[in-house]
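Order of writing sets the chain letters: A, B and C. Residues in each chain are counted from 1.
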Amino acid sequence: MTEIVRLKNVHKWFGDNHVLKGVDLSVKKGEIVAIIGQSGSGKSTALRCMDHLEIINEGEISVCGHTFGAGISSSDLKSLRLDVGIVFQSYNLFPHLTVEQNITLAPRSVRKMPKQQARQIALDVLTQVGLADKLAFYPEQLSGGQQQRVAIARSLAMDPKLMLFDEVTSALDPQLTGEVLRVIEKLAAGGMTMVLVTHEMAFAMKLAHRIIFMFEGKIHEQGTADILRNPKTPELQQFVSNGL
Amino acid sequence: MNNDQILYLLQGAWGTVELSVLTFVFSAALGLAIALMRVSASQTLRGCAFGYINLIQGTPLLVIMGVCFYGPSILGFTETSPMFAAVLALTVHAAAFLGEIWRGCIESVPKNQWEAAECLGLNRIQRMFKVILPQALRIATPPTVGFMVQIVKNTSFASLVIGFAELSYNAKILNNSTFKPFLYFGVAAALYFVICYPLSWVSLKLERKLTVARDQG
Amino acid sequence: MTYQFDFSAVLQYWPLLLQGAETTLIMSFWSTVAGFAMGVVCAIARSSGTPVIRRVVGGYVEIIRNTPLIIQSYFLIFGLASVGLKMSIMAGAILALVINITAYTCEIVRAGIESVPRSQREAGECLGLSPLQVYWHVILSPALERVYPALTSQFVLLMLVTSLLSAVGTEDLFGISGNIQAMTFRNFEVFIVLWVMYLIMSALVRAMFALASRILFVRKRKLGTLL
């Protein structure tokens, strides 16, 4: 089975703050991995490092066949970004562009796709997330859940090999969380390799092949959904009981 | 450049400072009146102030200077001193801008301050002077100090139409006799910079302090 | 002493006045276009350039913003003439205006650029857009929309301040008004006529900018909201 993501002894400091203290992580093709932990445990940082949004201080990262450490060549970075799709907690849709323009921007500017072809792709991915009728809308006219689904569609339009989700439901009202989780489930059923940082324990247990619990910058425990039902370490036990 | 010339430029710089200080004092008074009119309950007062601001902001300062220099003789005053015309024109011009700046500052004091003052039983004038203006003053300090830089630069306009002997006028006179533009205008620029830059710097520092205080508050 | 107003003496020179107004508008137009383009470049340089570039552009901006336009114009135009570089009065005047307005535009646009949240930039980068593409599609469009009112005021002010360049001999509206004053001795009436003409021109320029904004900012036209 091909390895899509590999983190080897990754260290990251923010100033004096040692956020990642030697993280070793691997994700296989088609695998769905959920990363959980308290705020400050380093889970978002670890995820962002995979798309070179945070620059590591030590160690090596391999994503979709691209290997890099603290530095990365610009051509490597460009191919990395084409292979990886990332969805953020605050959706980060471009407010001055319509939904369609948000989605077709990258295919047209980066993949140099002709306008018609890009529009067709936009329609396809929007249908996948259930928002085909919102092509001409602006982000401010949509609810939070709809905006997040558009954000997912926008990443999908670039045909990535790996999808990263950074606490994508944390900013949403509880009623809107469900529609986003359903879209992610559908993606999973289609065989997409995914890494999710999430607070949604039930969702993680249902969907993920493997759950990773991070604590103070290191991977503390990992395994199937079982680790949440029968946590071995006291820290995970504490985390799970806090969640209830 | 010999000592006489340096002295001449410094005299010009003094003229610049004189004009700037006088303008600031008078335009502050007029500007405050304009700002208060802009936020008053009376539609007439609001309209007058609005008209004044747009009339002035849509006119070149040189034209205002011309009107102030040649106007008084029409009204029967036999002599218009350059100082009087310059300060009048600069005041009328600056008050329009200061009025707008200060109106913005008054309006950015949170609405609930007005409500709280009203519920305590203060009348409109008391609310304005005891509650709103003191707070608006704090917000207004950075842009006002910044605008003082503008006033100093605007005094240079008085060297044309009116022919007031401030720094730009004196520098031009020197250049007219001995053609050394880089020297005379370079030194003049440096003198302006020495007056203006500290004001710009203070304005920036005050703004940073205000933003920090607001974020923490 | 009663003064007899005589506007007709001034208004009979209306072809000359219109010619001056046209020159003013031409000077303003070219200064605006060049100043805006250069201002955006400087704003990008100051936001995203190397520390050296940032300091150089910053120094240039501070010098321009803390010295009066008239001294800048004298320094440039008479200075260049003194080293043998002769250019037409119009070219010199527009050059002085451009150098001046670029500094102010730079600061306005830079504020707009810095108001775009970093997360927007990240989203653009993660989609694979090149840094230039990110600037163009993600940063500049919303930035310019946000600072458009400030830019409008700035460029209206530019049109008014072209009157200053009459000091170096341009034949803009203010420049030729000096000739009319010499011919009629009706200085006060001339200034009143100038006042009215400049008011009309600034209203015209504002209207044009408002019209341009409706064409450029589609989202604002359709939804009526601010970014």
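Here is the rule we use: a residue touches a chain if its C-beta (ideal position, glycine included) is under 8 Å from a C-beta of that chain, and two chains touch if they have at least 3 such contacts.
All of these numbers come straight from a predicted model, not from anything done at the bench.
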item	value
Chain contact topology (line, ring, star, complete or other)	line
Most central chain, judged by mean C-alpha position against the global CA mean	C
Gap in Å, rounded to a whole number, between the CA centres of subunit C and subunit A	46
Centre-to-centre distance between subunit C and subunit B (centres being mean Cα positions), rounded to whole Å	21
Computed distance of Cα centres, subunit B from subunit A, in Å	54
Sites on subunit A at which at least two other chains make contact	none
Sequence positions of subunit B contacting 2 or more other chains	none
Footprint of subunit C on subunit A - complex, ascending	51, 53, 78, 81-82, 84-86, 88, 90, 92-98, 105-106, 109-111, 138, 140-141, 154-155, 158
Interfacial residue positions of subunit B with respect to subunit C in the complex	55, 58-63, 66-67, 70-71, 73-74, 76, 149, 153-157, 159-160, 168, 171-172, 175, 179-182, 185-186, 188-189, 192-193, 196-197, 200
Of all residues in subunit C, those that touch subunit B in their complex	1, 3, 62-63, 65-72, 74-75, 78-79, 81-82, 156, 160-161, 163-164, 166-167, 174, 187-188, 190-192, 194-195, 198-199, 202-203
For the subunit C and subunit A complex, residues of the former touching the latter	119-120, 122-130, 133, 137-138, 141-142, 145, 217, 219, 222-223, 225, 227
